[in-house]
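In order of appearance the chains are A, B, C and D, and numbering begins at 1 in each one.
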């Protein structure tokens, strides 16, 4: 499959107010290849593909498709040219059915120009089956899981008869099994001669799936590697312009007293019999497949969702957290998995987002001391290397990774005793990831207890001290991270493990 | 006992609140049963209420129209159903007379005429006046304006109407408009308000601006208006009694219900002129 | 459990049923043919506008100007009668709808908030109506125009027929036509709709136009019912109509709703008004009661909406996902 | 790196800064334009007395709009303020016999209670603000009518109470002083208090604010209570100024108040806005009405022009902001 380029993007530039997102980027795509785009958060990957799909207008440069220069002014034109995009923020209408979403904007008509639902559903079914999934086409998208939605998006791309499919971080919300499943689908697409532009921050995936890897840095294409010759180190070097010596930063800290302990926690239909304990300076990992109920457990603990029973001890005292307000006052921080929905107030500035948790301490005589506030926020922006023109920039204009850093920054101000991080590195570049790991280390050094919820097995095994594995709402394994192999964790995650046989129980003997 | 249906344009204005009080008292006095409906200033709603009254087969319907034109098809329906109708407070268009048993109430046009006569007399036939109108499209606003302007043109052509703006029966609006007028026209000689509320609002603004030699005339004889006449803030008004209004309508309705012959078509309540001299003879009713 | 689900889904109808039962028990006059036809007549004018408003609200927009547009259309339908009823009506509809077009353009192209735009046109159109009618009611001369909505068929008044026909047509459009389906798409996820190549701006303009169109039709019906156009028509129409549509369960945020539910919302307000009249409740207390019922219904509604959402999320999603994925592999 | 290139390309000359300000605040420009037009076509327009007229006339809507700013920034809407104004007005006059302090206190409490009711329903019961406040609008208006029995309430224009609406300090009318004081105090509250921050956060994204440990329900409750409070203050000013109260005097005020806030540039979706802009919005309407009367424009055409100007002013604001982004 070597040879002609199906797509050439030449000298593409794009500026946003305050940011030059792309600077004369070249990008070429061959037929039937998977071409990965990697780069730090805010490097310009999403911008590049949005220009390709007609969402943004380029400031300069040419796009050549099948040897012909094209002008992609609107998403409509992109689709007609056979370019389909699966966006970082899934572009679905939750209130419509799967079939309608697949044929959004170009429904199948029957008699009297009425929409022919049956035909649409049948076609959708065929499409989904060609991907090897059986999702009911009449189901509403709001009733689907994120993984399923991803697959529906792919089916939509296929229905367009797309020659190029762009996937912007398709796996950021998927678990291992789902990701593997997606790769099978990608293989199938590839063998049909479809080219794929694949954006991801997960190197294993990229090395696994990509034929070509282009690295974007600060709006420049700094190099293209072939998938076979590329290595971890090489990519990172190109990406951040230096070597990252130690990717997973992990310090060894003496554990202190238990800060947080839950006993027999349950919520009807969601999770049962959850027991664990976190000590000062300890990182407790929670992992499992998507839908295992990890997020639900920590959400309930933090008071975002209700609890049906169980006991929660904080500093050895029983507490009742009814809402995040209680939790915040106790010194518990929580980074939600859904950054846009619950993590950030997107229309508000970076300053307001970060200072929101520490208003009490900024208050003097009932009024907030703006000087202190700005000072503090700027400190965090600097230490976390948040890339933003000013702290008054509204967060919606930040790139995904920088948004995530803002969402974490707001909890640092409360000097938390316990910090719960739900998928903190989702959609974040290596540089930022390693910064976040460093940050976690910094926290545990200061005797903060950390609960790290993550579906990224490598991450959780490298960072955490102890590990809980969940499956279908129950804990199927307690491990000391150092003493356990990936296989053991995986089998626990798929429910093949018996918790009784693992090395230690939830509450460790003191 | 006969049943008399009454449909009112809107009970959230003081005049009609007082009207209803008098109506209920009169009903007790005559020993008749009444059904009182409130159209809340919606002509379509009033049409529906007319249908409700026809359906419940009342003996007489008394109508205080929200819109004296829009009510006509409903009057015709009631007429065809054989229910006699007394129009009260606001006289419908001439084309509807054939559906009515009689009209009982004040004469809005005549009130405008009286106000104009008072104005002409007070200004000795010469000067600049401004007018504060009621809500556009309402019956009193339309006819009081007409009566005033036509009469002024006839009897005192040297009186000039400088400006005329709706104040929607709201005192606050009347005050604001007048505040602006006294700046624009430093020599206003007279103000005509479509009702006492507006006139008093204008008087307030004039007083605040230090203007004393100004003739302000209202209509209605509300508590506020009479007090202002007494204190000299208003030159005069004419008294339209909601009590008389309601009583007269009730009287005619009961007469019709009892099968008595009605001689005339128009029964007007008196609208006495009120000025400083005779203000003590009147009691405010709204 | 099952009943709860049923109730949650069709809660407006249950509420309507409840109000009907109470009314029937308390007022014997309610269940007469005459009164029912009266209720239908009374609800149909706001109901017709509510249909257009449903489209608009589903697509995530909003229109305050419907009352003024209705008054304008009524004034034109009466004022132009001398040139023939048909001409008058067509002019009224065309001009009325033109303001919807204007609203749509300003909202989509100039990107001005729909609330502001329609507040602006509401004021503007009211001014035009006042100017056109010379600030006083005008009435028509042609009595055949009056018959248009004065008469009834099978005991059902013609305006109610227009309303019901509108409900059916709108329902078909909303369920089977891309005009209607795109409404949901645009309201549900505007970006996704743009990305999917739906000409979002064009459709939003159309929905604004539809809304003004229904307001114009309502204006004609109103004018013909009273054979008069008053410049004060429709002062609180916009709020009442939006309230009826929202009561029906259409969300102010867009993306969901149905005209069948709107029908229920419209009927709730209509039946309430009528029954309070029949019960001879004094006007001031009517306001109190309607307000309280509106509040209670809304609270019940948000309670059940939450409950339904919770159940849908927790119970169904969990296990199905893996089952389907496994089946697929 | 990206930031530095940004700063390099931006030359900070004085003119540029001025242009920036103008573009950012199109609505100010529109207000100034209105002032210029006014001074050109009417010679009394810029007289101090007229300026104070405008300020006084804007004060009632302005005071109420200050409260409404909090509700709108918090992402809600309150349609019931007009009714609250009516109720508080009839109470203020009706309770005059009870003594000045007591009557004022009761009026303020009633206003706050009306606001709290809305806040309770919207903030804690999570009901749709639009319909619920439409409902309370009906309820509160009914209470005003029941209390006054529909009658015009008459007060004593000579009583101490009338100072609030009619008094002056020097050349400045007291309503204007109240308006200015409220603007300053609530500007500070909105921008520098915990409550103000919470309002922005709640409007910006209620779920995220909740997950950050902000009591969004309580924030909404307070914002509505504040609106009720400002409506009560507006009622005190208005009833004292008029020395009387019509039971439906507040009808339609809700739209004026909301329009003033939105004209100032608040997004109805919440999260954006400021008191200063609201004040400008309120002034804008007052200046406009003043001009129309001074020019003696016929009422229907006033409405036509007003409608067009509302749209154009906001349009100018948007165009300015867009130009800023280029």
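The rule we apply is simple: a residue touches a chain if its C-beta (ideal position, glycine included) is under 8 Å from a C-beta of that chain, and two chains touch if they have at least 3 such contacts.
Chains and their UniProt names: A = Ribose import ATP-binding protein RbsA; C, D = Ribose import permease protein RbsC.
Nothing here was measured: the structure is a model prediction, and the numbers come from that model.
Undergrad: Determine the set of chains touching chain A that also touch chain B.
TA: C, D
Undergrad: Using C-alpha centroids, which chain lies at the maximum separation from chain D?
TA: Checked the centroid distances; the maximum from chain D is A.
Undergrad: Quick one: chain B and chain C, Cα centre-to-centre, how many Å?
TA: 36
Undergrad: Measuring from the mean C-alpha position of chain A to the mean C-alpha position of chain C, what distance in angstrom results?
TA: 42
Undergrad: For chain A and chain D, what's the span in angstrom between their mean Cα positions?
TA: A distance of 42 Å separates the two centres.
Undergrad: Using mean C-alpha positions as chain centres, tell me how far chain C is from chain D in Å, no decimals.
TA: 29
Undergrad: Any chance you could list the residues of chain C touching two or more other chains?
TA: Expected reply: 130, 135, 283-284, 286.
Undergrad: If a residue has to touch 2 or more other chains to count, which residues of chain D qualify?
TA: In chain D, 141, 145, 150, 267, 299-300 touch at least two other chains.
Undergrad: Could you list the positions in chain B whose residues touch two or more of the other chains?
TA: Answer for chain B, listing residues that touch two or more other chains: 11-12, 136, 166.
Undergrad: Could you please write down every pair of chains that are in touch?
TA: A-C, A-D, B-C, B-D, C-D
Undergrad: Residue numbers of chain C touching chain B in their complex, please.
TA: Within the complex, chain C touches chain B at residues 29, 32, 34-35, 38, 41-42, 45, 130, 133, 135-139, 146, 150, 222, 225-228, 230-233, 235, 273-274, 277-278, 280, 282-284, 286.
Undergrad: Using the touch definition from the top, list the residues of chain D that touch chain B in their complex.
TA: 42, 44, 47, 49-50, 53, 56-57, 60, 141, 145, 148-152, 154, 157, 166, 238, 241-244, 246-249, 289-290, 293-294, 296, 299-300
Undergrad: Contact residues on chain C for chain D in the complex?
TA: My answer: residues 64, 106, 110-113, 115-117, 119-131, 135, 239, 242-243, 246-247, 252, 283-288, 290-295, 298-299, 301-303, 306.
Undergrad: Going by the contact rule at the top, pick out the chain A residues touching chain D in the complex.
TA: Per the stated touch rule, the residues are 17-20, 42, 218-219, 302, 304, 323-325, 327-329, 334, 336, 341-348, 352, 355-357, 359-360, 363, 366-368, 370, 387-389, 410.
Undergrad: Would you tell me which residues of chain C are touching chain A in their complex?
TA: 172, 176-178, 181-182, 184-185, 187-189, 191-199, 255-256, 312, 314-319, 321-322, 324-325, 327-329
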